[in-house]
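After this come two complexes, each holding subunit A, first together with subunit B and then together with subunit C.
This part shows the complex of A and B:
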C-alpha cells in the first residue's frame, strides 16, 4: 500500500541512484526544514553509508563505528590544530589515513572471531580508543575535546574560497560526499560487491566457492572505515572542535539506529535514516527532555516490525529481502 | 621497582576480587542466556543499573537491607521475564544480530526511563550498619561490606551450580544449550525453560547492581560501563562457558584493580589489551569451544 503510492518515484530513484543523489542534495538546503540540518544529513548520511557497507551489505554488525568516525575527526583536527597544516586537503587526507589504518588494525583483530562476537569486539576496541583519547589530554584535549581547529579557506587551482558561510560549507561537503556515494556504487556493482553479498547471505557457501572471505571482509571493513573517517573529518571541520564523545559508544549506537531506521542494505537507507533521526531528535528535544527514550522505543519497534527500515519497506529491498 | 607496602597490595588484591565478583555475576548471566538462546543481551547492564535503583527505593520503603537484597533481584528478574515474553521471544529464529539490536534499543530506553523516574543526578546508598565498619585482618584493615560482597557472590555461584548440576530443570537447561532441537524432540517445553533462564540471568544482573550500589554509587550510566567490561570478559572466557565467565571475570577484576594501583591512567585500557592478546593467542577464548554460535 505504502509502496504503491511511492512506486513510480522509488522505482526511478532505484534505477538512477547517483543522478537522484546529485539532484536531490543539490537543492536539499533549500527544502530542508532548517539549513543546519542539510549539512548534518550529508555528513551523518555518509557515516551511516560507511556503516551500511559493513552491516547492510557484508552482514557484519559493528557496534564500534565511533572509532573510525573519531579517528577521522581527530586526524583532521590534530593536523589543523596541532601540526598547523595549512591545506584543508592534507588535513582531510590525514583524517582518512588515521581511519583507514585504525580500521585495518581493529578489523584484523575483530575478524578473528565470527558471528555475534564481532559486534562485542568492535564495541570493545572503540571504547578502548575512547579511553585513550580521554586520558591523552595533552594531545587530544581529553574531556574538553580538541579545540582550536581553524576553518581554513578552501584553495583549489589558486582560488581561495571561505567556508564560513553555512551554504559554502554545505557544498564543500557535497562535493566530497558525491564521489564517496559514487565510489560505494562502484564497489557494490563490482565482482567484489557480489562477494560481499554472498558472504552476507551464506558465508559457508562463499568459502566453498573458493573466496578468501577473511580477506574480503577485512577489505570491506577498511572501505567502511574510509567512508566513516571522511564523515568524521568533515564533521571536525564543520564544528571546529572534536568532542571526546565522538569516540564514545553512543556515537556508534547513533549510526546503528540511523541505518536501521532508514533501511540497512539499501542504497539510500543511510541518508533517509540520518535525516529521520536528526529531525526526530531535533523536534523531540523541544518538548521532552528524555527524547532518547522515545528514539529507543521507535528503534525497538523498527527491529520488531519493520526490520527493512523506511527506505527498505518503500522499495522492498535490503536485509531480509 | 615499586616500593609499596605488602598490606596495601593485598588490600588491592581483595578489591580486585570484589570487582571480579560483580563482573562474574554479570557475565555468567549473560553467558547462560547466550549459551541457551544465542541472545546477546545488550540490556544486561541496564538491568544491573535498574537493580541498583530498585534497591535504593526498596531500602527507603522497607528500611531493611536484607529484605532489599532478596527483593530487588526478584523485582528485576520479574521484569526480565516480561521482556523475554513480550519482546525477545518474537525474534527467535531471526538473525542473532536482531536480539542484540533490540536489547540495545531497550537499554537506551531504560537509561532515559530511569532518569525520568529517579532524576538525572546520581544517588548514594549506604551499606547496612552491621557491614559498614572495617575489619582487621591482622595485616590490614578491609571494609566488611566488600568481604560481604565476595561472600554473597560466592554463595550465588554455588547456588547456581547446584541448580544446574543437581536438579532436573538444570539438566534440561544444560541439555538445551547443547542441542535445543534434540531436547524439543524429547517432548520438553523449551519456551518455559528459556523464560526461566532469562529471568535467572537478569535477576543475577539485578543482584550485582544491588551489591555494587553502596560501593560505586547509583547512576544511570553505570550499566553501559559494565556491559562493555562484561563483553570483554565473555570474549576472554569464551561465550557460553560458565567456568570461562568465572575465571575471566576474576582475572579482569584483578588486572583492573592492580593496574589502578600501579598506573591508574591505564586501568581502563588494560582490559582491552588483554582481550587483544587473547584474540591473537587463543581466539575462541580461554574456555570457549570454537564454532559456538559463529
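This part shows the complex of A and C:
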C-alpha cells in the first residue's frame, strides 16, 4: 500500500538522485518546523551518509564515528577560536584535514581486525579522543565545551556575506553538502564503489578477484571520515560551540540509529533516517518528557519488522537503490 | 501530567481573564521569554522545580496585569542536558519564537552553549547554573547575567563555616568534571588560607560512584571531616558506602549543596547529620516574611514546598520583568543597563544585588544540616538551618580576577 502510493515518487528519486536532492533541500527550510532544525537535518544527514559509506556499502560497522565528527568540529572550532584563523574556508579545511588524518590513522589500526573486534576498536579510539578532549580543558574547554568560535562572514570572490541569518547559514551548508552528496554518489557509482559492495557481500571472493581489499577498505574509511568531518566542521560553525559530547559514544550511537531507521545500504536512507529522527525528537519533546521512549519503540519496530528502514522499504519493490 | 501545557506555553490561568488589567494586556503582544532546561536526564527533578518557580513568577506577574500592560509568556524547552540541544533550542527560541529574553540552563556546560547563542543574537540571558566562568571573561558579556551561586562562593562559604564549626583536618572527594574540580580547588585554597589542612583529595569519574577502593585510605588518614562533592545520583551511593565503611562515624561529612528532593528520596537515615549549603530552603519561611509568602504561594500552587532551584527560576523571571518595567522597553541593552543601575532586588528571601562589573548576583546563603529520622517534621521538614553566610562580594573572585578591568 504505502510502497504503491510512493512508487512513482521513489522511482523518480532513484533515477534522479542528485537532482531530487538539490530540489528538495532547496525548499526544505520552508517546510521544516524551523530553519535551525533544517540546517541540523542537512548536517546530520551528511554525517549519516558518511557513516553509511562504511557500514551500508562496505559492510564495516564502526561504533566510533563520533571521532571524525568531533575531529571535524574541534579542527574547525580550534582554528577559529584559538588559532584565530580569519578565513572560514581555511577553518573548514583544517577541520576536514583533522578528520581525514584521524580516519587514516584509526582505520590503519582498526582494519587489522574484523567484526566485533573492529567495532570495539573504533569505539575505543573514539573514547580515547573523548577523554583527551575532556581533560585538555585549556585547549578544548573540557566539559564546558569549546567556546568563543566567531561566525566569520563568508568571503567569496571579494564579496563578504554574513551568515548570521539562519537562512543564510542554511544555504551556506547547502552549497557544501550538495557537492559532497554528489561526490559520494560518484564514488559509489564508480568501479571503486562496486568493489566496496563486493567486499560487503563476500570479502574472500573480492580477494580472489585480485582486489587489494585492505587498501580499498582503508580508502573507504578515509572517505567516510572526510564526509563525517565536513558535517562536524559545519556543526561547529552552526552552533559556534563544540560540546565535548560530539566525541562521545552516544553521538556514534545516534548516527547508527539514524542510518538503520532510514535504511542502511541505500543512498538516501541515512538522510531520511536523520530527518525522521531529528524532526520527531524535536516535535515530540514539546509534548512529552518520555519522547526517547517513543523513538526507541519506533526504532525497534523498524529493526524487527522493516529491517530495510524507511527508505529501504519504500524503494524495495524491484526498483533498487 | 499537563506537561503539554507547561512546555508549549505557560500563560496565566483561565481565571485570570476575569481581571480587566489582564484583558487590556491581551490586546498587546506578550513579552516572550525563552527557558531551556533539562526536563529529561539526571537533573530532571531539579529542572522541574526550577520550572515551577518560573511558572509561579509568570502567573503572579500576569495576575497583576503583566509588565507595561503586556502579558509575560514563557516558552520552556527541554535541553536534554546536552549542550548541542541547548544551543539548538535557544536558536529556535530566538529565531522562530522571537523571544525577547532567555532565562535558564541548569548544567554549566549547557548554559555555556546557550550563552554563545544569546551573545550572538544580542539577547539578555539570565543563567541559573552553578558556574564560575559564566560571569568571567571571555565567556561573559554585558547581556549575560548570573543569578545562581557559583563553586567559588559555595566552597569558600562552606570552608569558612566548616573551619569554625566542623573541623580543621579535611579530605575532599570530588567528581572529576568542571564543577567538581572547581569546588576542590577553591575548597583546598580556602582551608589553607584559614589555617586548616586538606589531608588529601580523591577524584572519581562522575556517574560512577564506586568508592570502596578509596574509603580505607581516607579512614587511615583520620580527617575530622570530609567534603563530598558528589552531585546528583552519586550523592546517595557515596553516603551509603561511607556508612557501611564506618566512615560516617569517624568523620563528619559536608557537601557543597543540599537538595530537598534528593534528600527526601535518599531518606533521613542516609543523610542524617550531613552538612551542606543552600541559597534557599523552605524552612526559611519560619524566620523570613518574604520566604513565608513565597513558600505559601508555591505550596498552594503545586501541593509541595519548593526546593532550592525554583527560587532561581522565580527570580530570573521577576528580574526580566523588573528590568523591562524600569527600562520601559524590551530592548536587551536597555534592560541590562536598567538592572545594573538599579542593582538591588528582593523577590523571595531578602536583599540581593547585581555586581556592576560582571552582572553576578550576590545573595545570602545558609548552612543546613539534615535532621535525624525522629526529628524530621512532617513529610518535608528535613533540614535544620544552622548558620547563615550573608551576601558578600568578597566570597567571589574580584572583578579584576575575573578579567574585568
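Everything below uses one rule, namely that the second predicted complex is superposed on the first by the 315 of 321 C-alpha atoms of A that agree within 3 Å, B and C clash if a C-alpha of one lies under 4 Å from a C-alpha of the other, contacts with A are read in each partner's own complex, and residues count from 1 in each chain.
As a convention for this text, contacts are C-beta pairs under 8 Å (C-beta built on N, C-alpha and C of every residue); 3 or more make two chains touch, one makes a residue touch a chain.
Predicted, not measured: the structure shown is a model, and the values here were computed from it.
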Next item on the list: Go through the superposed model and pick first if A:89 touches only subunit B, second if only subunit C, both, or neither.
Entry: neither
Margin query: Output check: A:24 vs subunit B and subunit C. Expected answer is one of first, second, both, neither. What do you get?
Written below: neither
Note to self: Quick check on the superposed pair: does A:12 touch subunit B, subunit C, both, or neither? Answer first, second, both or neither.
What the structure shows: neither
Next item on the list: Could you say whether A:245 touches subunit B, subunit C, both of them, or neither, answering first, second, both or neither?
Entry: second
Next item on the list: Using the touch definition from the top, say if A:142 reaches subunit B (first), subunit C (second), both or neither.
Entry: second
Check: Between subunit B (first) and subunit C (second), which, if any, makes contact with A:292: first, second, both or neither?
Finding: both
Margin query: Output the subunit A positions appearing in both contact lists, the one against subunit B and the one against subunit C.
Written below: 134, 290-292
Check: Within the complex, which stretch of subunit A touches subunit C?
Finding: 33-37, 40, 134, 137, 141-145, 147-149, 151, 164, 166, 235, 239-241, 243-246, 285-292
Check: Given the complex with subunit A, which residues does subunit B contribute to the contact?
Finding: 34, 38, 40, 87, 90-91, 94, 96-98, 100-102, 104-113, 115-116, 224, 228, 231-232, 234-235, 239, 265, 268-269, 272-273, 275-276, 279-280, 283-284, 293-294
Note to self: For a test of understanding, state which residues of subunit A touch subunit B in their complex under the given definition.
What the structure shows: 61, 63, 109, 112-117, 119-121, 123-125, 127-128, 131-132, 134-135, 249, 253, 256-257, 260, 290-293, 295-297, 299-300, 303-304, 307
Check: Which subunit C residues qualify as touching subunit A in the complex?
Finding: 3-4, 7-8, 39-40, 44, 77-78, 80, 82-84, 87-88, 91-92, 95-96, 108-109, 112-113, 115-117, 120, 131, 133, 138-139, 177-178
